[in-house]
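One chain, subunit A, appears in both complexes that follow, with subunit B as partner in the first and subunit C in the second.
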Partner chain A sequence: MAFLSQFFAVYGSLVNFIGINALLALSLYVTLSAGQLSLGNAAFAGIGAYTAGILTMRFHMPYAISVAAGAGLAAVIALLIGLPVLRIRGIFLAMATLAFGEVVRIAAVNLDITGGAQGLVGIPNKTTTCTIYGVLAATAYFLAVLRGSKVGWSLAAIREDETAAMALGINTARYKTLAFVLGAFIAGIAGAIYAHLNFIITPGEFGFSAAVQLLIYNIVGGMQSVYGPMLGAFILTALPEVLRGVSLSAGPLRLGINGVILLLVILYLPNGLISFLKGPNRVSRI
Partner chain B sequence: MFLEFEKISRSYGGVRALWEVSFGVEAATIHGIIGPNGSGKTTLINVVSGLAGPDSGRLLLEGREVHRLPAHRIAALGVARTFQNIRLFSNMTCLENVIAGQHLTAQRALVPRLLRLPSARLEERRCRADALACLSSVGIESRAEALAGSLSYGERRRLEIARAMALRPRLLLLDEPIAGMRQQEIDEMEALFRSLAEAGVTILLIEHNMPFMMRLCSRITVLHFGQTVTTGAPQQVCAHPEVIEAYLGVEGR
Partner chain C sequence: MSVLVQQLINGFFIGSVYGLFAIGYTLVFGVLDILNLAHAAVFTLGGLTALWLVATGGLSIWVAFPLAVLFSGALGLLLDRIAFAPLRRRAASNLSGLISSIAMAIIFESAALGIFGARTVRFPQGLLVNRVWHFESVTVTSLQVEIVLSALVLMLALTACLRYTRTGKAIRAVAESERTARLLGINVDGVIAVTFFVSSALGGAAGILYGLYFDALAPDMGRSIELKGLAVIILGGMGSIPGAILGGIAFGLSEVLTVALTGTSNLRDAVAFSVLLVILILRPTGLLGRGRVREA
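For the complex of A and B:
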């Protein structure tokens, strides 16, 4: 027990960040499972974070309502972007969400209600480690079950061949939009509980590099099952701390190691690190 | 008529792929489409399946206008197809390909699965059995767990037919289904198509293998430069002077 409490005193915030990042990785995983690349999930997390933070601070809303409202607003905005963009095939979603991410960041810097470049300061600390991992477990279970459902099979078919999917009766525009909106919703939850973890949120945390980081979690971990993105988030979030332990603390060096890992995975493990562990076979699931 | 083309036209850029094509397909028969390369056969299948809407003309399925419907709505009316250039989900196993093809015929609802209800497990077992039955009807049930990308050419064609059958189609569109198959496989497909037609499925079939078409089709439509040359019984069509001209050319012109 003494060891555990000491561990949490030192690494508690790292454990929390791993959980949040795993949740964010899962938010992108949903969208990727339909073959769609969203570079807006960090911005959706930002929308969730600012919405929930403002509701709690200015309007004294209960925690659960703030979180739900943050996730809901992220989902509604995703729907507004997705409806026109996802009717077209190709990389338009990546381009539109890339631009959208910048719009959100610049809005957060310039608006008064978001606290500008200094960020939103003084958000009550209401998120516990239990909340984070409870939400993460529920989300992972939901997405694992979703895989074997009609929605999951439709998304997989769209990812593999959109034309063939249409010929099988799949309304591809609708299912792509669903995957995108669900991803934004999960990102919104992650952002909202993150806001209540950290006392302060700043616009820069939800920018382009954060969006790419989510993609890297998915590539490094693998997208064959829900465990891959979580594994990727765990390894890449914990790694800097591990390296710090062996006194490799220089920032640029850590980024370099992240890059090397990413390259090695892409070259030698196209299905991600999860392919080391035999993942659950989708067909054997109910 | 089960399926009726009324003056269907479709252009790609300046190329008239189809020009005022009109003919009818009778229910529960095998109707062949032949014609030289580039005569518009695949475009015709794309029009029926909703992947390429016609520029003008009407397409009637059991008397109902369907030419303005998107592909997924046409599939929902019981129209399934295969592709000339084979479009399988190559990172999935054979069984998974057919399961993905059950979009319109299986529920796989989310909530009973989240609650782990016995009904969800029963339904999944039933759908699995249906999918395996589709695989065995084309004779590749032993490859159920093999990745689609690892199959031989003939097996891929057969898997595509199995996936189309998972939709339980009333109209099956086959674009060169036996291309690249061995004679034994061809004979198996012939028997399969016959039994499907006997079970009430209407089949619209593109194929270059003339002996196969002569044996199988009750009627054949000949396309040439996007226009219908003739429609009729196989013997009649083969003796038609314009068909001979389209395939062999005319002497002394």
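For the complex of A and C:
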């Protein structure tokens, strides 16, 4: 017990960040499981974080309502943006969502209510490790069930071949929007929880690099199951601490190691690190 | 009025640098259908290398410029060999290429950080004789003229090469259909390597000109131009070189006009990216793009 409490005193915040990053990775996993590469999920997390933070600070809303409202607003905006944007595919979709993410980030920098470039400061700390991992477990369970359902198979069909899926009578527009909105909802929850963990949120945290980071979690971990993205988030969030442990704390080198891991995985392990645990499987299309 | 003219001129100069940078993106996309996100890191390394040659090597900028451009081109070859060639052999999807280019961007950026440090650095004073011309109340510096001339010369040279030389024709053939080009006896891997060399050399040149124009170089200077470059090629049409040039200038003008009209610089990028989003939704092929939408 003494060991556990000491571990938490040292690594508590790392454990929390792993949980939140895993949740964010799962938010992109939903969208990717329909074959849609979105670079907007960091922005949806930002919408959730700012909405929840503002509701708690300005309007003294209870924690649960703030988080739900943050996630809800992210989902509504995803629905509005998704209807026109999901008609475009592949790299063009990635860039459209990227442009959307930049517009959100710039809005957060320029609005008064979001605290501008300094960010929103003084959000009460209401998130506990239990909340984070409870939400993560519920989300992972839900996504695992979804994967085996009719919806999950439809999403997989769209990912493999959208035209063929359409020919099978799958309403591709509806399922793609569903995956996009669900991803935004989960990202919104993660952002809202994060806001109540960190005391301060700034627009820069939800920009392009964050969006790319979520993609990296999914690729490094693998997208064959819900465990892959969580594994990727775990490894890449914990890695800096591990490297610090072996006295490799130099910034550039640590960044470089991230890049090398990503490169090795995409070149030699297209199904991600999870394929070590699950044995060879069919090759993923992404 | 003269303030507006001055702003338009400044927008034109910075826009020509954006255009030069975006050509590199669009060239690789046109040939391989891959979005090379390491392009911005090459841009940064090109600028920093030129600075290093001038500041530490004691070379004149006129010698350092071509050397740094060649070095950037070599980085492009490296990029192709490490990140893209193995994926081509596996016939992986284009998104794998996007991700391996992100990995190379991280590696290049960490190399820039490790070698040059995180500080913002400047070219030494008095590197170029900077004359200033006044027309009425509008000011143009010789640096601006040199930048726009270098950018235009490089763009024209590239266009001419693609149109008239044998290699240029081979590049266009591969862009049209890799398989047909191979059947016609074209060395496809060689053509792709040349494409990466040219694309990265232009990206490095843009980095040097950008560094000279703003007189500030830092390992993360590629970040902002990376997104602007994407906006430019979408505006101009993916794979279209005249589109990239016009898109770059249009983007530069839109930036300064937003600042001039709103009076603050805060909304500069918001307008640009909103325009981008609307163009993607209404006309995904861009203003000068090819007819069909490519699928990734």
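In the analysis below, the second predicted complex is superposed on the first by the 273 of 286 C-alpha atoms of A that agree within 3 Å, B and C clash if a C-alpha of one lies under 4 Å from a C-alpha of the other, contacts with A are read in each partner's own complex, and residues count from 1 in each chain.
What we mean here is this: a residue touches a chain if its C-beta (ideal position, glycine included) is under 8 Å from a C-beta of that chain, and two chains touch if they have at least 3 such contacts.
Worth saying up front: this structure is predicted, and the values here are computed from it rather than measured.
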First (subunit B), second (subunit C), both or neither touched by A:Val15: neither
Contacts of A:Ile170 with subunit B and subunit C, given as first, second, both or neither: first
Which of subunit B and subunit C A:Leu98 touches, first, second, both or neither: second
Touched partner set for A:Ile235, first subunit B, second subunit C, both or neither: neither
Partner chain(s) touched by A:Ser149 [first = subunit B, second = subunit C, both, neither]: first
Subunit B versus subunit C as contact partner of A:Asp161, first or second or both or neither: first
Of subunit B and subunit C, the chain that contacts the larger number of subunit A residues: C
Touching partner for A:Leu269 - first (subunit B), second (subunit C), both, neither: neither
Shared subunit A surface residues [contacts with subunit B and with subunit C]: 286
Of all residues in subunit C, those that touch subunit A in their complex: 35, 82-83, 86-87, 90, 92-96, 98-100, 102-107, 109-111, 113-114, 118, 223, 226-227, 230-231, 234, 266-267, 269-270, 273-274, 276-277, 280-281, 284, 293-296
For the subunit A and subunit C complex, residues of the former touching the latter: 37, 84-85, 87-92, 94-96, 98-100, 102-103, 106-107, 109-110, 208-209, 212, 215-216, 219, 250-256, 258-260, 262-263, 266-267, 270, 285-286
Touch list for subunit A against partner subunit B, complex: 141-142, 145-146, 148-151, 153-154, 156-157, 160-161, 163-172, 282-283, 286
Residue ranges of subunit B in contact with subunit A within the complex: 49-51, 70-72, 75-76, 80-81, 83, 87-93, 95-96, 99-104, 106-110, 113-114, 116, 120-121, 124, 145, 163, 167
